[in-house]
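So, here come the structures, one by one.
Next, two complexes with chain A in common: one pairs it with chain B, the other with chain C.
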Partner chain A sequence: MASHGIELTESDLRMPESLRGLGGKLMPIGAVIAIIGVALAFVGADSGFKHFQFAYLTAYAFTMTIVLGGLIWLLIQHVFRASWAVAIRRVGESVVGLVPLMLVLFLPILVPILMHDDSMYKWLNHSYAENDAEFLPNKQVVYGAYLNPTFFFGRLAFYFAILIFLSRFFTKNSVAQDETGDLATTRKMEKFSAPAIPIFALTLTFLGLDLLMSLDPHWFSTIWGVYLFAGGMMSFCSLLALLCMTYQKHGALKNVVRKDHYHDLGKLMFAFVIFWSYIAFSQYILIWYAHIPEEITFFDKRQNNGWEWVSVTLIFGHFAIPLLGLLSKHVKRHKPTLAFWAVWLLVMHLLDMFWVVMPNFTSGHVPLPFATIALAVGMLAIVVGASIRSASTKSIVARRDPRLGESMAYHNV
Partner chain B sequence: MSLERVMPVGLDNTSDDPSGRQALIVNNNTYESITEKVCGVVEDPRIDKRWLAMFIVALGGLGMLFSLIVYLIATGVGVWGNNMPVAWGWPIVNFVFWVGIGHAGTLISAILFLLRQDWRTSINRFAEAMTIFAVVCAGTFPGIHVGRIWLAYWLFPIPNQMLMWPNFRSPLLWDVFAVSTYASVSTVFWYMGMIPDIATIRDRAKHPLRRLAYGVLALGWRQNARAWHRYEKAYGILAGLATPLVLSVHTIVSFDFAVSQLPGWHTTIFPPYFVAGAIFSGFAMVVTLAVPARAMYGMKDIITMRHLENMNKVILATGMMVGYAYAMEFFIAWYGGNRYEQFAFINRATGPYFWAYWIMVSCNVLSPQVFWFKKARTSIPIMMVVAILVNIGMWFERFVITVTSLSRDFMPSSWGYFKPTLVDIGMLVGSFGLFFTLFLLFLRFLPMIAMAEVKTVMNRPKQEESAERPEMAASLN
Partner chain C sequence: MDSRITPSESDDPRWIAQLKDHDDNSEQELFAVVAEYETPDAVMAACEKVRDAGFRDWDAITPFPVHGIDEAMGTKQSILPWIVLGAGLTGATVGLTLQWWTNAVGYPFLISGKPMFSLPANIPVTFEVTVLFSAFTAFFAMLGLNLLPAFYHPLFRHPRMARYSSDRFAIVIEAKDKLFDREKVEALLKGSGSIANEVLFAPAKRAALPKVFHGIGIVATLATLIPLAFIAKARFTHSEKPRIHIIQDMDMQPKFKTQAPNALLAGLWGDQRASLLPVEGTIARGEYVADERLHYGQEDDGTFVTSFPVTVDEALINRGQERYGIYCSVCHGMSGDGNGTVNQRATALARFGGKGMAWAPPARLSDERILLQPVGELYNTVTNGKNNMKGYAAQIPVEDRWAIVAYVRALQKAATVPVDSLTDEQRAELQSN
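After this line comes the complex of A and B, so read on.
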């Protein structure tokens, strides 16, 4: 098959007006919902700025892991020279390209910290380290060399610089190929994707360590980076499936995206449901079984004072139920059922992040989740809206990718 | 199923040109020539001298292993270097080493199948065979490690009059289940995949005894459409079932260490890190075996340079994962501020076993880095050197984990230095004898390439393809 021979009509390549409008609407709607979330943080028993900070961090971790899940998904497509996803790659790239937006959305977390607020990251305060001197003498050097404000901000700047560079490189080159049709661009992306993966892996690991693991400065887990990767990949594939359905609902990608693409996305969702569970279980059983004080605190918090119900919900909602739900081929090839599970998994990913972050806020009870939910939904709506807007300015299919033909014609069953 | 392999090439199919897919089988092979080539190895009445020489050496190793096992049983486990504080010595190291080797086969035939990686077809058969033989070697070691070997059946929870049960909370018992499940599923998977090819050999057999033997093994296979339909279904289901097993076995093996509280053993990344390491060592072993086998039997056009290059990429990727785990362990030991954990890692790198640690790091993390370069990935001498280094490095990884942590634990008064005995060394060498004996027998008597599967990824005439999928032909013009 000569890939150059594929003729897609103009309507296949351009985003329909209605979808573009939806993208434009979603951003202000998302902003309003997020503002409601901010307001909710100041209502009720746990009200206060600290509640807002933790709720916002939960929402941010939820959205950021999805965007970064997209980035690693994209890198994997290139490194494998995969053809199946070429037809939906542009839709995915529109999310991946939003890393700069995620930097803007990071400001509400960053600004208070810059102003010496230590309510989230206790180690930002010198006295915290001093209190540790007696029972964790060897940790002092860690506070001195690693967990300190200056290095922390330096690292954050470094992470974002790397992530923005990676996301720009792969989205820009892909768009550039629309004009040139240059095969060298494909080679360039393939070649760079290989070293980009370990760079990304280290960045994600240390970003996750700094933003989430260090919320409890005494706790540690070597599997943490893999845990975040697993949840992020699962959620990104869910979001990508939903986005493709939204595109198609508005008449876009009609002749491009087929059941086989949804089937493959569903398989990835299924695979990463299992992979997340495997990683979560590995972390749990090893810490539970050894039961040493410096590690068990993490699960101790999450198995008491109502948090046990959140943990149990995760076991069923993030593992057992979707495992059975996504098993069938028909579920994955049928849009409404796949959409149901995609939404389900996104909800579970949010719950997972809630379970990760929030016990550091109130370990004594489970706070009302409404502020977190509103912030997360708002933030996700902003991200989806922005991704649609950014996609509207270019071809919505990587139209001159040499493997588009394969992607449009492969069969899955 | 990928659409087509358009680039006609000579023997070199390693081009990275993205405008088409490279042919996986080169040198103008036809369905017939594949059958002739693969069956020819099994049907040749002469005995290849090189094969015979290797077989005699391997048998010698096997004989040594059996004699040493007899000596061990007659004398007791004191013939090994195992002693307090290093109660787990080489037998466990060898066990984990061989189980790890036994991961590539099922990964190739199950996970790469689910990922639609067509290139697996040329290498899956003998990788699977290698897997099973490695598991046989692995299973030997815990079996003879129990001390009173006549009670080895106590490993299994068999109801008995003494009301004695194994400890279900022990990961060692989970290992019994994990490894035996893996061994049985991968054997079924391997055998089932081989049935059509065995039937081909049966149909070509001239001698009645031969026809009978392969006929029994072929289970009455007739190459009809209904049988193929069911075969494909069963293959897909088995691949789905085998996929979690690829992860579970080495996960459970890692639990043997990680559920403890011993510094250097107890860390949460152990399960995926062990799995990555297992795949890493398994692929290194596949390369180590494939390179000489393809040269000896003239299979360079079936197991092409592209296959080897892909495997080298897998070695690079999994080597990086293992490197990531080493780095995370070290970093978190420091970050956590736990002095015992910190000591364990500094002791690994600078203590009495520093040489083992640095052999491990240089073989496993540094040596595969040459595979960033295509020249190295496609050079036979370089890939052989790296693959063998990785095999060595992965053995040392298990040695480092097992021995360094045990030899210096919490109480300095009980520290010690482990030294292997000649029996230890003889058994490790002998286990290679067992492995190669089985593998050489396999090469001689069973089809080492999955002929039926390879034929599905070969170039077909253009018209045939278009006629099969008219809608595709229309959409592409």
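After this line comes the complex of A and C, so read on.
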């Protein structure tokens, strides 16, 4: 439609040197911050390896949900044949393609539990499972058939295989189209995105169940996967907005990405603020109303001993305040304010993951968050750096996508 | 059907005549100048020109929403979002107030121990009412702001209107605009990439709404107040009549009540009872009583049994403990002291002035009177209830009732052991808890 005939020059497609340099710098900086985080886990009242493990899991859950939020975002763009996002899709893809890196970052969690460290996943310990099975006979099946180490590691391998395959498939094909300009590639991605969405949804649900929900083996919530998806998608859109702004600050994408794209990212952020709250509240009200001992423990832990303040902060910081803050169109179309809210939401997502994971470490009090913060910031910096590095080796716009013209000329109001 | 009009065609006086209203008696006046375009890009470019010329009473007509045309037309942002925001906030307030008033003020009712007014339980309804108000307001305010529904508009007379809702685009500058000057407007539009320009006439006087509709409107508005008046009346008056059954199915089910007569069957069986008697010599499933002592806890002569009709062993007591915990402890307390959670809550409510509340506290099971009761009597209390306590026959099977009685006996024993008879170890253990 109304393409005002924007022509892309070679320099629009290549990443500016300064940005590439930033990407290269971010990774070592991130590593240093993460190492500081590791060190912080060993000081203070809760110091110890266990603190490191839980803090690392929080940081990992934070980063991984963002990357996976990106993957589902990408699938959704394809399944809807969305044109608006084509101009910024490559920036998103550079994050989505990092699932293999996330596998490497998973090792510090995996190695200790492979060596039979059961301080995080209590059920890995045989006698715990047996005692508990006596106490709660209906859990016997769960421990025997589902929460057993062999099956657990098998499942993790399976999830990563699926996720790596999906992320590779969509990023590789998109890049391949830069050369061939083949319309069939677009059609192939669209077609495959439809079955990929339920596959992804199940994988994310089970991954979340195994990594986070099983920290408290008594507790269960059937909405858990959706909860993680909501937070991840919201945070990914925030990160994507920030990334696009960074690109533009370095002179990239200046003819390509416009206010209208930020406006749409802002709408998605806003929508997922609400969606997260909706899901979080649905989970809460059912458990609160039924008041079943097995389930209520989850919120009981999070409503006592200082954790209630974290919960209340989430209600306001993750819902009420950004809801009002992002409501206006002008906020979404104004880069600095959108950047502010994007950072805000990322912080809230980290707090959310802290709230999910950490009460399993110390339910009696809220541990100092510095180790977790440093680890999460470090890990995110590594991921962002890696995404910029990987984007620098190819065109930063999906330049021969058939909908690129439409996307660049796209108007939102 | 290609009926492309060239500018020369539109200068044709016949063409202009055709655009006049059919009603020849009425005086015609210039309504607007209409320009036609072939592509969205062309109409967008033209819009920018008209906008920059400073016109206000004009519009662009497109068969589908054209992205960016608002900006090209210089349309100000609609106030609709603010109206909807207001409606949403109103909805939230109404939803919350409604629940607060009905649950905590108008008809307070304790449900599963939750507070009368507790925010989490009220969120879903508040949310729904917010959405309801917002959605309706968005819809109707949108219609209102667009002056819809409109049964007549001079543009409807335009023979090209059909094309503007399928594959052509148009700009209409109305004569009522302050800057309107026919020559200038025509020149502006001609030079804006249009493929045709027309001048549109309309009757100078629009037909007014017939008077009778005003009357109908007023009557209809007043009629909507009638139900409200009835509700108000019902709230503030008393009536002896049975209430109105709005949902008949629930209140009057097509079935026979146990003790009601049934005229239908009278002819067949000569008996008017709704519940038929069992056929002679038969017994309903589950109603066979093999052992009366076990079932009723009574001897043949109606006195309560004094020994257990079941074997009392550890398994039975354990079972009894579990069942007691489930069924009895809420009132009688885990130790049988009569101070279970229900009692605590009820006394608390009574202390804070529960309206018209009378609370008979549950019995202390180790009271001497109850200690002396034979087991059959305890069993009878569990089965059929006693005074203010209801029977549990419907919930607890016979064997479990005996198990509970056995456990109650154990509790009584525990509550009546003299302290002196305990060994030091036992005392230490008790004190440690």
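Worth a mention:
The rule we apply is simple: the second predicted complex is superposed on the first by the 406 of 413 C-alpha atoms of A that agree within 3 Å, B and C clash if a C-alpha of one lies under 4 Å from a C-alpha of the other, contacts with A are read in each partner's own complex, and residues count from 1 in each chain.
Quick note on the criterion: a residue touches a chain if its C-beta (ideal position, glycine included) is under 8 Å from a C-beta of that chain, and two chains touch if they have at least 3 such contacts.
Being a predicted model, the structure only gives us computed values, none of them experimental.
Per the definitions stated earlier, placing chain B and chain C onto a shared chain A by superposition produces a clash between them. In the overlay built on the shared chain, the residue A:410 is in contact with chain B and with chain C. For chain A, the partner with contacts to more residues, out of chain B and chain C, is B.
With both structures placed on the common chain, the touch criterion links A:274 to chain B but leaves chain C unconnected. Once the two complexes are laid over each other on the shared chain, residue contacts for A:153 go to neither chain B nor chain C. Look at A:289: by the touch rule set out above, it reaches both chain B and chain C. Applying the stated contact rule after C-alpha superposition, one finds that A:49 touches neither chain B nor chain C.
Remark: of the candidate stretches 38-46, 74-82, 92-100 or 380-388 in chain B, the one overlapping chain C after superposition on chain A is 74-82. When both complexes are aligned on chain A by C-alpha atoms, chain A residues 1-2, 285, 289, 410-411 touch chain B in the first and chain C in the second. The touching residues of chain A, counted against chain C in their complex, run 1-2, 281, 284-285, 288-289, 291, 327, 329, 410-413. Residue ranges of chain C in contact with chain A, taken from their complex: 40-41, 44, 66-68, 70-71, 77, 85, 112, 114, 120-121, 123-124. In the complex of the two chains, the chain A residues touching chain B come out as 1-3, 5-6, 81, 83-84, 132, 136-140, 142, 146, 183, 186-187, 190, 194-195, 198, 201-202, 205, 209, 218, 220-226, 267, 274, 278-279, 282-283, 285-287, 289-290, 292, 294, 402-403, 405-406, 408-411.
Residues of chain B that touch chain A in their complex: 1-4, 6, 16-20, 114, 116, 244, 247, 251, 255, 258-261, 266-272, 320, 324-325, 328-329, 332, 334-339, 342, 372, 469, 472, 475-477.
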